Amino acid sequence: MAKILVQTGDFDVGAEIAVLTAGRTDIGGLGCFVGIVREDKAHDAPDRPIQALTLEHYPAMTARAIGRIVEEAERRWSLLGCTVIHRVGRMLPGENIVLVATAAPHRQAALDSTAFLIDWLKTKAPFWKREELPDGAGAWVEARAEDDAAAARW
Amino acid sequence: MAKILVQTGDFDVGAEIAVLTAGRTDIGGLGCFVGIVREDKAHDAPDRPIQALTLEHYPAMTARAIGRIVEEAERRWSLLGCTVIHRVGRMLPGENIVLVATAAPHRQAALDSTAFLIDWLKTKAPFWKREELPDGAGAWVEARAEDDAAAARW
Amino acid sequence: MAAVTKPLTVLYFAWLRERVGVSEETLTPPPEVRTVAELAVWLAGLDERHAAAFKDRKTVRCAVNQEFADPSTVLSPGDEVAFFPPVTGG
Amino acid sequence: MAAVTKPLTVLYFAWLRERVGVSEETLTPPPEVRTVAELAVWLAGLDERHAAAFKDRKTVRCAVNQEFADPSTVLSPGDEVAFFPPVTGG
């Protein structure tokens, strides 16, 4: 029932939400999160804004790992629909990275499952971010302890 | 900075999200919640599905009350954008009721402020829902203790 | 305090509006009506319709001049006082 | 346990891939290499590039046959073993 995509191209948030809700009258709440490339300072070079982000992944494992995370969400909440789209490859500041959207009879399930999915995607799916700096150098983003803490709440 | 609308017509979730993020490179996460009319059983007539929902409000107060709630969210989180659209009038099952969307540098602020806004909208903005039953009868929806509890968490 | 008469605008929403039969009325309660709670008691004594609206007093909420208010809120001439059930939006 | 040789597919991601210089290799470790942890130690001893990749051992994570695995996971012939830093997607 869940829609899981790993792709290089962008996604259309409005279209994905429309697909989740089309023709249904049993949904009471829809939660959605979009992760976007922020033109941040590089982790190890605070004076230089990043030029791009490259997302590497483990192709043979990624969709399966996301599927496990979605199954866990479906075990915990009564979901009427779930869409996870994660981009890979090179992305510029302002571009979408990831979409999580869930539909449920009640708002709390939609909100909680959305937060759960993005927290777990950050810590339990095989993606690695590399920041591209102005001079062509690059730096792999380090995992943050607070992401592990966020995922461990669930 | 926040966009607050109280209107009878529908809204376009994708278009609203696009407006929040257009041309920006400082957003890291966007949270969104859409409340939808669920074809539920009436609260006092579990054997009869509701035909429609009518949202009454206090026009002179509504936008101001929502503004206060948004200001509180902006005090608590670093938001880069916030949109709240609440419909009033008669709506059929499957139709959108309310949209909350926030943009922030980091995902936790976007997720938390989205949940906060919808929880507070449910308990601190002057809207009243009336369910329309098949025989033309109607019943005002009663406030739920769990909504107060959800709002009080914040 | 001076016992001035208070022409007030009183609004009703949801089932309070249905029971009273009007959404808005302008009323001048007697000088001893100083607070929202006293106004509600006075309104409830006006007629059967108002009595029905204020019967379930603990489920009645209010706003004064478009701000949520407590029953103990003191009223001033010209105030807009709204009575309604607990809100159910979102 | 029988001391069989184990032809394994070994994958590297992110900075482990950069340090080793290849994303995938097929290797047959000696029979005494039974677990993921033992494989990492053996790989680190192969040459300077592998040594660099596994230098910071506590930041290396692994998967066996596309499932996250512990260092104590016992390997079987034909397994696909991946080494990578903690994930940073989302």
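Labels A, B, C and D are assigned to the chains in the order they are written; within every chain, residues are numbered from 1.
The criterion applied here is as follows: a residue touches a chain if its C-beta (ideal position, glycine included) is under 8 Å from a C-beta of that chain, and two chains touch if they have at least 3 such contacts.
Since the model is a prediction, treat every value here as computed from it, not as a measurement.
Steps from chain A to chain D, taking the shortest chain of touch contacts, total 1.
Mean C-alpha position of chain B lies 50 Å from that of chain D. Chain C and chain D have Cα centroids separated by 74 Å. Between the CA-based centres of chain A and chain B the separation comes to 23 Å, rounded to the whole angstrom. Each of the following residues of chain B touches two or more other chains: 35, 107, 118. Annotation for chain D: residues touching 2 or more other chains are 90.
Taken pair by pair, the chains that touch are A-B, A-D, B-C. Across the interface of their complex, chain B is touched by residues 12-15, 17-18, 21, 23-40, 93-94, 105, 107-108, 110-111, 114-115, 118, 150 of chain A. Of all the residues in chain C, the ones that touch chain B in their complex are 11, 13-15, 17, 63, 66-68, 80, 82, 84-90. By the touch rule above, chain B contacts chain C in their complex via residues 35, 55-58, 60-61, 64-65, 86, 97-98, 118-119, 121-130, 140-143, 147.
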